[in-house]
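Questions regarding the structure given below will be posed in turn.
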Amino acid sequence: MASIEVGGKSYETDEEGYLVNLADWNAEVADYIAKTENIDMTEQHWEVINFLREYFDEYQIAPAVRVLTKAIGKKLGAEKGNSEYLYGLFPYGPGKQACKIAGLPKPTGCV
Amino acid sequence: MLHIVNKSPLTSGTLESCLNTMVDGGDVLLIEDAVYAATAGNAFESKLTAAMGRCKVHVLMPDLEARGLGDRLIAGVASVDYAGFVGLTVSNKNCQSWL
Amino acid sequence: MSDQKKFMFVNRKAPYGTIYALESLEVVLITAAFDQDVSLAFLDDGVYQLKKGMQTKGIETKNFSPTYRALEDYDVEKLYVEKEAMEARGLNEDDFIVGVTVLSRAEMGKLMDEQDVVLSF
Amino acid sequence: MKFGIVVNEGPYQHQASDSAYLFAKAAIEAGHEVWRVFFYHDGVNNASRLTEPPQDDRNIVNRWTKLAEEHKVDLVVCVAAALRRGIKEENLATGFRISGLGQLVESGIKCDRLVTFGD
């Protein structure tokens, strides 16, 4: 099992870098995972990450990209509810990359 | 529509649910443990024969024979082999397995 | 894929006792992404999947029932509960975590008959 | 006709896998095409290369492999269900592939009939 070191503490991850224990997540860990993905977290990134975490908390699933896009549009405004904007923030996909940073389970049911 | 049922009516309500829900004129195929429903003298016999007025009941013979009851088939239940099973899925426009 | 078919997912099993309910929900979420005409039918013990107020901490299992509320975001809006099954379990519409259409057994049978693909878990 | 088949139970534990195989064989013999068999729930265990039944019993896993080789049947194992149950590329029998649930939906869309075997 792999692990990451953040702030002197060790966190278990799988081979792809997803947190094994979802309860381990905190902002510092998110920042660290983002760096390994070459992403500098900005306020815009955090908006999406927080949204994902709230969505997961409410529905117990990470939303599909299409659903995320629509829901973000509803909550944060139409100019953010499109895939250009979301892929701009997370080049490898708001599904995989943002879920990883948000400490959500790896999407497995992928088409 | 072809309704496929695979559980004994003596331990599961599946066959009864199927017969109660399906629209008239459909096909019912009994496979695996559901074949016990098609044997003379079983406690579900009267319910099955009552349903036979509204739908056609078939039994997968290899499953009935495997269970030692190949000679107890209730009159009016059609016997099919696997080729007949395939045929039923073709002749009906859709099918459903009652799992 | 341009061709749209009518998919029905028939749920007849209670949650937690077996994994079928959870894995059925996973298929439903994927099917929605294919722009198919999706409906969910809850019959027999499957009706129990929708009971609100599940507390799964004590069995150390994930409570997936909130996910039914997300179905709307996935444009899955046809949830049907069989009236006879609901009543046989002492439940009514207020017991469900999500809004559903209650159908009589006969109406349910007719709806099933009209489907192109019926998946049963 | 083009058939899709779904198998929801593991081999040896439940008859579903045998029924599905015999159905597939009969469909092919009748001149139909079995386009894909999708393994879901415990059905993913049909794909384990590590299965070793006694010699006097049918070999369910090999039987699927042979069907895939001789009749170009696409044997697909659901990735989410497989990961839960320890089925991975390294213990996957020949002829099977691991893929997403979309492959099941696709079977429903592309096949004339989708027949499910399970418990």
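Letters A, B, C and D name the chains as they come in the text, with residue numbers starting at 1 for each one.
In this section, a contact is a pair of C-beta atoms (placed from the backbone, for glycine too) under 8 Å apart; a residue touches a chain by one contact, two chains touch by 3 or more.
Source: prediction; values computed, not measured.
Chains touching both chain B and chain C: D. Simply put, of C-D and A-C, more C-beta pairs touch at C-D. Compare each chain's C-alpha centroid with the centroid of every protein C-alpha atom shown, and the nearest one belongs to C. Mean C-alpha positions place chain C and chain D at a centre distance of 25 Å. Computed centre separation for the pair chain A/chain C is 28 angstrom, with centres defined by C-alpha atoms.
Centres computed as Cα averages put chain A at a distance of 50 Å from chain B.
In terms of their C-alpha centroids, the spacing between chain A and chain D amounts to 34 Å. Within chain C, the positions touching two or more other chains are listed as 20, 26, 30, 33-34, 116-117, 120-121. Within chain B, residues 94-95, 97, 99 each touch two or more of the remaining chains. Residue numbers of chain A whose C-beta contacts span two or more other chains: 109, 111.
The touching residues of chain A, when paired with chain C in their complex, are 55, 58-61, 63-64, 66-67, 70-71, 109, 111.
Chain contact summary for the complex, chain C toward chain D: residues 1, 3, 5, 7, 19-20, 23, 26-27, 30-31, 33-34, 36, 116-117, 119-121.
Of all the residues in chain B, the ones that touch chain D in their complex are 4, 6, 31-32, 62, 81-83, 85-87, 89-90, 94-95, 97, 99.
If you check the complex, the residues on chain C that touch chain B are 10, 12-13, 20, 43-44, 82, 84, 105-106, 108-110, 112-113, 115-118, 120-121. Put simply, chain C touches chain A in their complex at residues 26, 29-30, 32-34, 62-64, 66-67, 69-70, 73-74.
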